[in-house]
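Take a look at the structure set out below.
Letters A, B, C and D mark the chains as written, and numbering starts fresh at 1 in each.
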Amino acid sequence: MGEQLRVGVVGAGMMGADHVVRIQKRISGARVGAIIEPDAGRAAAAVATASGAQAFTRVEDAIEAGAVDAVLIATPGPFHLPVLRPALDARLPILCEKPLTPDTATAWEVLEHEQQLDRPHIQVGFMRRFDAEYAALRELIATGDAGELLMLRCLHRNPSVSDSYTQTMLITDSVVHEFDVVPWLAGSPVRSVEVKHPRRNSLAPDRLREPILVLIELENGVLVDVEMSVSVQFGYQVAAEAVFERGIARIGQPSGLQQWRDARFSVGEHVSYTTRFAAAYDTQVQRWVDAVRDGRLVDGPDAWDGYLVALSCEAGVKALDGGVVAVEAPQRPDFYASGGLAS
Amino acid sequence: MGEQLRVGVVGAGMMGADHVVRIQKRISGARVGAIIEPDAGRAAAAVATASGAQAFTRVEDAIEAGAVDAVLIATPGPFHLPVLRPALDARLPILCEKPLTPDTATAWEVLEHEQQLDRPHIQVGFMRRFDAEYAALRELIATGDAGELLMLRCLHRNPSVSDSYTQTMLITDSVVHEFDVVPWLAGSPVRSVEVKHPRRNSLAPDRLREPILVLIELENGVLVDVEMSVSVQFGYQVAAEAVFERGIARIGQPSGLQQWRDARFSVGEHVSYTTRFAAAYDTQVQRWVDAVRDGRLVDGPDAWDGYLVALSCEAGVKALDGGVVAVEAPQRPDFYASGGLAS
Amino acid sequence: MGEQLRVGVVGAGMMGADHVVRIQKRISGARVGAIIEPDAGRAAAAVATASGAQAFTRVEDAIEAGAVDAVLIATPGPFHLPVLRPALDARLPILCEKPLTPDTATAWEVLEHEQQLDRPHIQVGFMRRFDAEYAALRELIATGDAGELLMLRCLHRNPSVSDSYTQTMLITDSVVHEFDVVPWLAGSPVRSVEVKHPRRNSLAPDRLREPILVLIELENGVLVDVEMSVSVQFGYQVAAEAVFERGIARIGQPSGLQQWRDARFSVGEHVSYTTRFAAAYDTQVQRWVDAVRDGRLVDGPDAWDGYLVALSCEAGVKALDGGVVAVEAPQRPDFYASGGLAS
Amino acid sequence: MGEQLRVGVVGAGMMGADHVVRIQKRISGARVGAIIEPDAGRAAAAVATASGAQAFTRVEDAIEAGAVDAVLIATPGPFHLPVLRPALDARLPILCEKPLTPDTATAWEVLEHEQQLDRPHIQVGFMRRFDAEYAALRELIATGDAGELLMLRCLHRNPSVSDSYTQTMLITDSVVHEFDVVPWLAGSPVRSVEVKHPRRNSLAPDRLREPILVLIELENGVLVDVEMSVSVQFGYQVAAEAVFERGIARIGQPSGLQQWRDARFSVGEHVSYTTRFAAAYDTQVQRWVDAVRDGRLVDGPDAWDGYLVALSCEAGVKALDGGVVAVEAPQRPDFYASGGLAS
């Protein structure tokens, strides 16, 4: 490898600022070339932690200035499209935080745009694929060592959510992760989605009816359920149990320093995704930087995967109102042949 | 307490023989007064382990001979009714292995018969209520210490089943336990039952389509799911996760001697209910013997509870063919006021 | 088996009262025939829980009255000898709480007395041998499945002790258990004892210098260490790690209901031996009752084992002052051939 | 930060090659500037994985060529001195794999040499200080939240060792890690060392008498024991239990994907330090690179710490022959004031 990759980080909110520190402090072969952020205060704060980075308010300006070799989009989903367009025009490799875009129509537009290039340039930031335990589970499934996979029982528990979190975000912001990682684990796409409503958590904001239990059927018959809680107070837990023909596997259990105090044995639990997936985020960005530097451009979920997830989310939102909602995905184009479930 | 209770054990198959040993070797205040078993070989084998016990082929004869103070019915469900009738006629206290009877019509007949006595005489052998971890979970729910209960996630996994096990027995022989213990835990009866079919385990006997995922809604809104497997090979596991407003509780995890060998840390898992619930069976019978000796007669699920379970099973069997099946229970009669959910 | 064994419980303090309830409520084949207790209040309280039991102030009177078939001695160690003598004279089977007697001289006197009978009549109440995990560990050692045993790392932690607990009781009242169970596990007697003094726990009573680390060498070369704490506050923990040639085994880890609350995963820990060894005490007494009823009289550590433990304790107390103290045991007499390490 | 740090990696054996990959692939702000390795084959292999790196046979040549900004010494201990000397002469920052040098005399020479510079330039590669669980344990000790630390119970178990491993290496190559990390954890230096010999593992090479139990007394009274095994077959385990006044803490327990198979619950255990401490090695090198780039030069154990460890090892080797061996360390010079226990 030669020179360091100059990454343009778009968005300097919490997620963007986190990526800036990551690239500067922990990633080999890359540095932050530019911060693209309209808010002057945020921009200045981010630049202060990334010596040598230039500040821009629009991605187009960063591109025109020749300040970036690749783009990492860390803004909220509704702001992805206006960045993806010029970045694709400039043929820049892109790591786009999930979701690709907020809806299937715009996601499709992105796919059409990208297919005008010579090969996929977009990777979507579903970081769970880079978590060591998820990877180990996928390996176990792939080997068939415990027999065929029959069920996946997913737990996705958050202590609380921000004021801006809405009922549909249970699907589009939270279950969205399972919509990506489950087909990747099981090697089969989503066939249908259904939502069950347990007793409501009275500690949830008034506007939310949760937890929910999401039932997902895959094309290969595997039944998936996702227990989705966002007000369960105790901490942040993402775990899963895989039911095979000959045994069970489980990931996401507590680990680390153990204590005996006050008549209890205990281990700390996470309280946020930032610690639960800290290593996964690092691995994701390191592997993306490596892929960009050696010309592969993508090493993880591609834009087609992002589109499939958008289709599942659309079905999931519909399913919040009741019924089993089918998901019908078009055939994966040859253009995206190398990506997706095989990655 | 005075004299030892002379228990008539009806049925000397595996379950009955187990109860004979239990009463003779580990239970205080009781002895086996009679073995009621038509198969001469089985009867002789059982008597050999219970010195002082008389052998009879029919329960009526044991009663007439004045050989028993109470009856423990350990035959398969279809044979319960012909024993319950004369035992009730003789006003004997009865511990009846689950199910009370195989269907709601005969269960109702038993209820009517029993209500001609001065008070309940029948306890049904749902032993999970006497398991220490189930009891601890119920206590946690009752205190409200972790907030209201929202969901119960039940795992019921068997390594394999006998040749006589049929598809409906997934409900009537296996989920039947959850139909009793779940309302007892959650303090609320079953409102509806639904069955989902994951990918089929190819190691299951051809006649079985399993595992199944049973969704149970309780009157108080708590959503329950039961993962029911009978061919999962690795061992026998009965576990549950309770989702509260402020936290999670889990029972049924492996314990005991831990080993590090061959690059793995491991703990033995059960392979049968006989070890998993050994202590629960002992506690159940000891507490029943105590209750009979001090005149309470019942200390656990009563016949009305057995009837409610039969209603749920009826719905569950219907649900195997699809759809959400409602359960409508009549009001608990005053006669059974002391029993049930409060016990 | 025929009639119920009438047990005379000597001492109605905490330990004796516990045994009375055990025999009356949970043990098959026995009942409390007599309470022997000079304190009238205690005696009355015990008799109230054991209907049919007679009260005596001296064991000789209970024997003379023909009220007991066997004796369970639950007084403190210094009061054992005056009970053992008449009980042996009366050729009664005896379950004697540990220690046999407080010193090797009196223990030797008991051995000589007992050897005048036709066979051993005394079992010593080292209940750990009846704990399921200790038994599983012993089985693993005996099979040689993990290679030869090399080390035993014992943890013996108490939250606090009573005002009467003295420095030498660290050995004679606490490590005494390891002096019995370790040779039984490892199949080899104690060769020497040494005591190391870690930093003192400032929460210990002023009179105590603890924790201590006791190093025990066995005849077969196995090195044992016992971490002995009696003021460690958090709870009661008795655990051990066995180091084999090919692996490790561990017992005594927390189990039961698991909880996630307040950013921690936790499991309850014991706070007293009464819950940690509840099942072991029951098993011990049940097996002793069975052994007495079928004429074996002893099923566990015999008086010779109790004497060996007294020798180790003597060495341990000496070792509190420094140095490696050798333990030299005479040859086990033929009279005690069936007991001891083989049991 | 400006330019990338050009690291000269001395030694391209297993450890050196590992560091080359680490620096090239996972460390931010550094690249391999030179490989210093006399073996041409090894050198070529290492250069192939580090594009842009130059190859030298002697460190003096790399320095003269101006090819390196800092030096990472990854040769065996006996070869450290000839590299340390010219690197110190050139005032280069140095990360030196443990041990600093093989004996206290040469370690003292290095200290004298280093003190001719303006400040410490040497960091010693005791990577355990960068392990997340060790750090969490140190934090717990420092807060005093569980009371004062009383004991540290260290487990250091290897499956097997290479043919070149000798009896003294039990101390100088293995317990050497505890000699560094224990004083760092407990905030107190070593006062004495003693070695106990358990039963020998017959699977150990004939030349080795192990496992050993090393007893270490710290100046503050804390008693430490280290169970040191190098032939225990099952896997690689580094764990510790800290005994406080009010509770216990434990690190190094198995984690990751859990499986139920064949009547056992299990979790994978490490088989080598390379996976157990993979993250610790990365963190160590990243923090050293950061410290060099921002002018601090050292962020971890310094040469004085390395010298203290050499003193403890000297005592430990003596203690292999029996007896309690005192360790007497001179006062830490002002020159090293910022390092050591406080780091």
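Here is the rule we go by: contacts are C-beta pairs under 8 Å (C-beta built on N, C-alpha and C of every residue); 3 or more make two chains touch, one makes a residue touch a chain.
Remember, it's a predicted structure, so these values are computed and weren't measured experimentally.
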{"item": "Labels of chains that are neighbours to chain A and to chain C", "value": "B, D"}
{"item": "Same or different residue numbers at the chain A/chain D copy interface, by half rule", "value": "same"}
{"item": "Between chain D and chain A, distance of the C-alpha-averaged centres to the nearest whole Å", "value": "37"}
{"item": "Whole-Å separation of chain centres (CA-atom averages), chain C against chain D", "value": "45"}
{"item": "Chain B, residues touching no fewer than two other chains", "value": "234, 237, 246-248, 260-262"}
{"item": "Sites on chain D touched by chain C in the complex", "value": "147-151, 153, 157, 196-203, 211, 213, 215, 220-223, 225, 227, 229, 231-234, 237, 243-248"}
{"item": "Chain D-facing residues of chain B, complex", "value": "234-235, 237, 254, 260-271"}
{"item": "Residues on chain B engaged by chain C in the complex (per definition of touch)", "value": "1-2, 4, 23-29, 51-52, 132-133, 136-137, 140, 146, 246-251, 253, 255-262, 279, 286, 290"}
